[in-house]
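Read the structure below first, then the notes.
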């Protein structure tokens, strides 16, 4: 699926829509995800991995928009926040069933993004960046100011855990499988999507919007659709986040979060589903790893961002294999 | 097939085109020629809806399509290639052609994400057809290569295959022979004729006069944004105004 | 697979080792402070104070012959991070009690974790929600905002000023204050005639103050933390606003006077007693603790201790006292915390009970006024 | 009358805040124009300018003019180092990777300032006292006049530089078409370096002159940078008058929004109006439309 690999004609398997390699890759990935908590023995890393899962969904949503369709968004935190607050408010203030709330919120946020998307995605480049940023800022202010509904800056507490019947998702391990269950489905569906008629059209828009339109691709509609889709994924992540945390406050949905997501996608690898996961994994774990440096962590974080962009321009997902190839050059049979 | 009626285009204060009117006959090859800056590419951009004309109308099979965006025109069978080749460089050759089949498939986001059975059927079918188009232009063996890595000549062929995949009624080609060597140009001439023989109307902008004279059924000459002449290659060759315009340029 | 096995064996071995070693090991206390981020003005002095008091205790021989160890993490004022770190403290570090977090948001986010894990949390954040309703494992040392508000309103009532304007910052601190200010107003017969807010990073509040100037207000109450209130004081001076200006305890440190400069003159605010420790009468029960805290802080950090740091000082001392009385198990510490009576700390005199986990009354606050670049007590 | 006075005060307050945004916006636009980079570290230059000036005064006991010089020179050095160490090594950079690098740099600069000079907010004494001046029923501070004056000076200077000097024209040429510029022998790399030099100096200057009003701390850069970015976008990313107008409009919108509608929503109101402007004029307020070339 990664369109960036150096391809010899035979390595792409153009004959099958979903090549066995891709299926195997997904299977291995799923097994790794399912097995990950086991060696961690319920330690706090399991908890960190829950957030990796949530961030993965967010990064994936942004990557579909940015990496595939080539449209920047600096306002993803708005949809994340709408999802979280939507679920939080509906379940606490209106005692709605959490699952129902999640569905209602996801659909409404997607519809909202769809409506906003029409004027916003007409813009290009830095104007688009600015407009999406504006959407993010406005949403963040709304979370802060609608105190009666959201609890304002002091946050909204008492959000219930998700439950199926009497089975409560009330421990790290249960939440881990809950979140990653969603994340895996999102990964699978995204993998399907990018290697399909719609995915090709998105990538076509990215490479040359004019040519894509001349080929009959309704670029404007498709961009708005994928914007809505990324909002949907973000909203779902938000709903999960609020039920896992049981407390939310506006700081978790600020401009910084949008920027962090952008960083995850670029560092992980634009236009790569697994890249989004890698980016989310790295940038969520990084603060944990840098904790040893105490106050210096922010300096290291900045340095890492700069050096990774310089030395791994294609993101981790392309950079790591390239690094391996450079370190252990394999004699390759050239056709 | 295609009728341009009184097309004019101004960019700010600059008049790029004025009073352009001509027809492209069905199943013919029409050449649009003229010195650099005559407004040929601008005319194509207007015909395909990339920008709107300042005045005048574009009619496809008698229907006014002036207000339609490029994607709608493509669905009506109006397709083009580009002077500088606009391929989807990060996609494979085969995928490029499959984008050309976009209008002939229907699966939406959900059908694609959930791999519905009909979506898989559709996918298999367009994959086959895309390969046939690659075969038609003679680059089938490059199906899996990233399009951005193709040579200019092969890229040109891919662009044609991609355009043909739309099953167009009318194919506009912007300088198809530019950057090709003489052997490639010869093959291109053959290809264009075979396209016409499949019933596709072709209009092309071209500087290579040998090619134009060889394959075109009729010609339109532009100069400085205006129509200079219209007629068969023979007539144009004998037209004194055309000769002056070209000689004047040199 | 092989690697997995190794990991498991190693971690198992480590667990055994640590259990064996526990008998001689120090008692581990956790700390969660927002040392970086927008709430660092709270987190930094809190972490410093907590570390300082732990060092001082250890220097003096520890608790019942055992050393204390403070494992403190920086939440950055980010709720998700706070949750991860709370998990780390309870699950990996196996601490017996935790002091912090610094902000109400962080505190509300981590409370469910401590409730579930059964580890006492002594919060340094002020939000009233933290201990109201009472939660089994959660205590707090920071004075409720409601007490600060009551202190100001009493003064206004005394001066017969009953029309006021609010200017609060739109973050957790400001909105909690705003809620209290609005909630208690009617009780004191006070009417709020304008209710304005500003964003934490705003650099100019003249628009809000202009609006206030045009209203009927007889006094302005600004609720925020540096640098916002300093900007407000300066803007008020610029506009020639002559109304009495009240601030919150969020700016009760020398820093405010330094930032606001001349504009700080005449500003009043409720503060913990640490600001005016020298001025307190000898009879004040807190005086000894306050002077000791100020002295220690100056020795350790060459800076002035403020009452935020005091919250952490109180928290650690409370935990230490509880360990002395009730042993080093989380449950033992919890029940001793709840039994604490008459502990004279920095924030006030604490009296916890089964129905009160905040433990302070409004005597914890004094009203101070800036005169000649220094704090004076308002009588 | 009181209402009229209020409105003038809102307008004047808005204009003075707007002038700050404009100045930062200009420094944004200069880098964008010659390199196409949206420099997310721009706000950090502003912060650095203010912090360096304060440190020079409090720690080094320098007089104000010397402190200003230290701040501008120091920040410019950081800007140049940033270009050399982070921007130049990026070969075939995409706009996105450039954004990430500048985000990284902004985090790095912020972190270093925090470690070296602490987290406390610091204040710089005003240049010429703080006795309010009355203008049409509204009051401003002498420092505001400094801001207006410097903004004006910068507009004039940049106009002269970009239109009447060889180097300035060369920089503009780079912004129009880098390839063509390099073909006619303009050292594009040098121009990029120069644009970072000018932009960081300008950012520092902005930081110094606003510090007496807004005070400064290691973390003020983000918000200021964001507002400057908005100003530049509104002005169509030009390096001249458009950006200044964009900044002023943003400032006045905020101030009027806070005074007349709701102080809590003032940023939201400002952004909402900016969005509407963008929807109506997708190319910014002051730039003529461009068409895709194929």
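Order of writing sets the labels: A, B, C and D. Residues in every chain begin at 1.
We take it that contacts are C-beta pairs under 8 Å (C-beta built on N, C-alpha and C of every residue); 3 or more make two chains touch, one makes a residue touch a chain.
The shown structure was predicted, so the numbers you read here are calculated from the model rather than taken from an experiment.
Trainee: Strictly by the touch rule at the top, which chains does subunit C share as contacts with subunit D?
Mentor: Common neighbours, subunit C/subunit D: A.
Trainee: Give the identifier of the chain nearest to the protein's overall CA centre, each chain being represented by its own CA mean.
Mentor: Closest to the centre of all protein C-alpha atoms: chain A.
Trainee: Could you pull out the chain whose C-alpha mean position is farthest off from that of subunit C?
Mentor: Comparing chain centres, B lies farthest from subunit C.
Trainee: Looking at chain pairs A-B and A-C, which one is connected by more C-beta pairs in contact?
Mentor: Ranking A-B and A-C by C-beta contacts puts A-B first.
Trainee: So, what's the distance in Å between the C-alpha centres of subunit C and subunit B?
Mentor: Between these chains, centre-to-centre, one finds 72 Å.
Trainee: Based only on mean CA positions, could you tell me how far subunit A sits from subunit B in angstrom?
Mentor: It comes to 39 Å between the two C-alpha centres.
Trainee: Counting in whole Å, what is the centre-to-centre distance of subunit B and subunit D, each centre being its mean C-alpha position?
Mentor: Spacing between the chain centres: roughly 47 Å.
Trainee: Provide the C-alpha centroid distance between subunit A and subunit C, rounded to the nearest whole angstrom.
Mentor: Here the centre of subunit C sits 36 Å away from the centre of subunit A.
Trainee: Among the residues of subunit D, which ones contact at least 2 other chains?
Mentor: Each of 114, 222, 264, 267, 292, 294 in subunit D touches at least two other chains.
Trainee: Give the residues of subunit A that touch two or more other chains, as numbers and ranges in rising order.
Mentor: Subunit A, residues with two or more chain partners: 144-145, 210, 295, 298.
Trainee: Two-or-more-chain contact residues of subunit B, please, as numbers and ranges.
Mentor: Expected reply: 50, 82, 86.
Trainee: Note which residues of subunit A are touching subunit D in the complex, please.
Mentor: By the definition above, subunit A touches subunit D via 66, 72, 119-120, 122-127, 129-131, 133-135, 137-138, 141-142, 144-145, 210, 255-256, 259, 262-263, 266-267, 270, 295-296, 298-299, 301-306, 309-310, 313.
Trainee: Quick check: in the complex, which residue numbers of subunit D touch subunit C?
Mentor: For subunit D paired with subunit C, touching residues are 2-3, 6, 9-10, 13-14, 16-17, 20, 114, 119-123, 125, 130, 132, 139-141, 210, 213-215, 217, 219-220, 222-224, 254-256, 258-259, 263-264, 266-267.
Trainee: Within their complex, state which residues of subunit C touch subunit D.
Mentor: Residues in contact with subunit D: 36, 38, 40-41, 44, 170, 196-199, 201, 203-204, 206-208, 210-211, 213-214, 226-227, 230-231, 234, 237-240, 255, 258-259, 261-262.
Trainee: Residues of subunit B touching subunit A in their complex?
Mentor: Those residues of subunit B that touch subunit A are 48, 50, 69-71, 74-75, 79-80, 82, 86-92, 94-95, 98-100, 102-103, 105, 107-109, 112-115, 119-120, 122-124, 126-127, 141-146, 162-163, 166.
Trainee: Tell me, which parts of subunit C touch subunit A in their complex?
Mentor: For this pair, the touching residues of subunit C are 4, 7-8, 11, 35-36, 73-74, 77-81, 83-85, 87-88, 90-92, 104-105, 108-109, 111-112, 116, 127, 129, 170-176, 179, 197.
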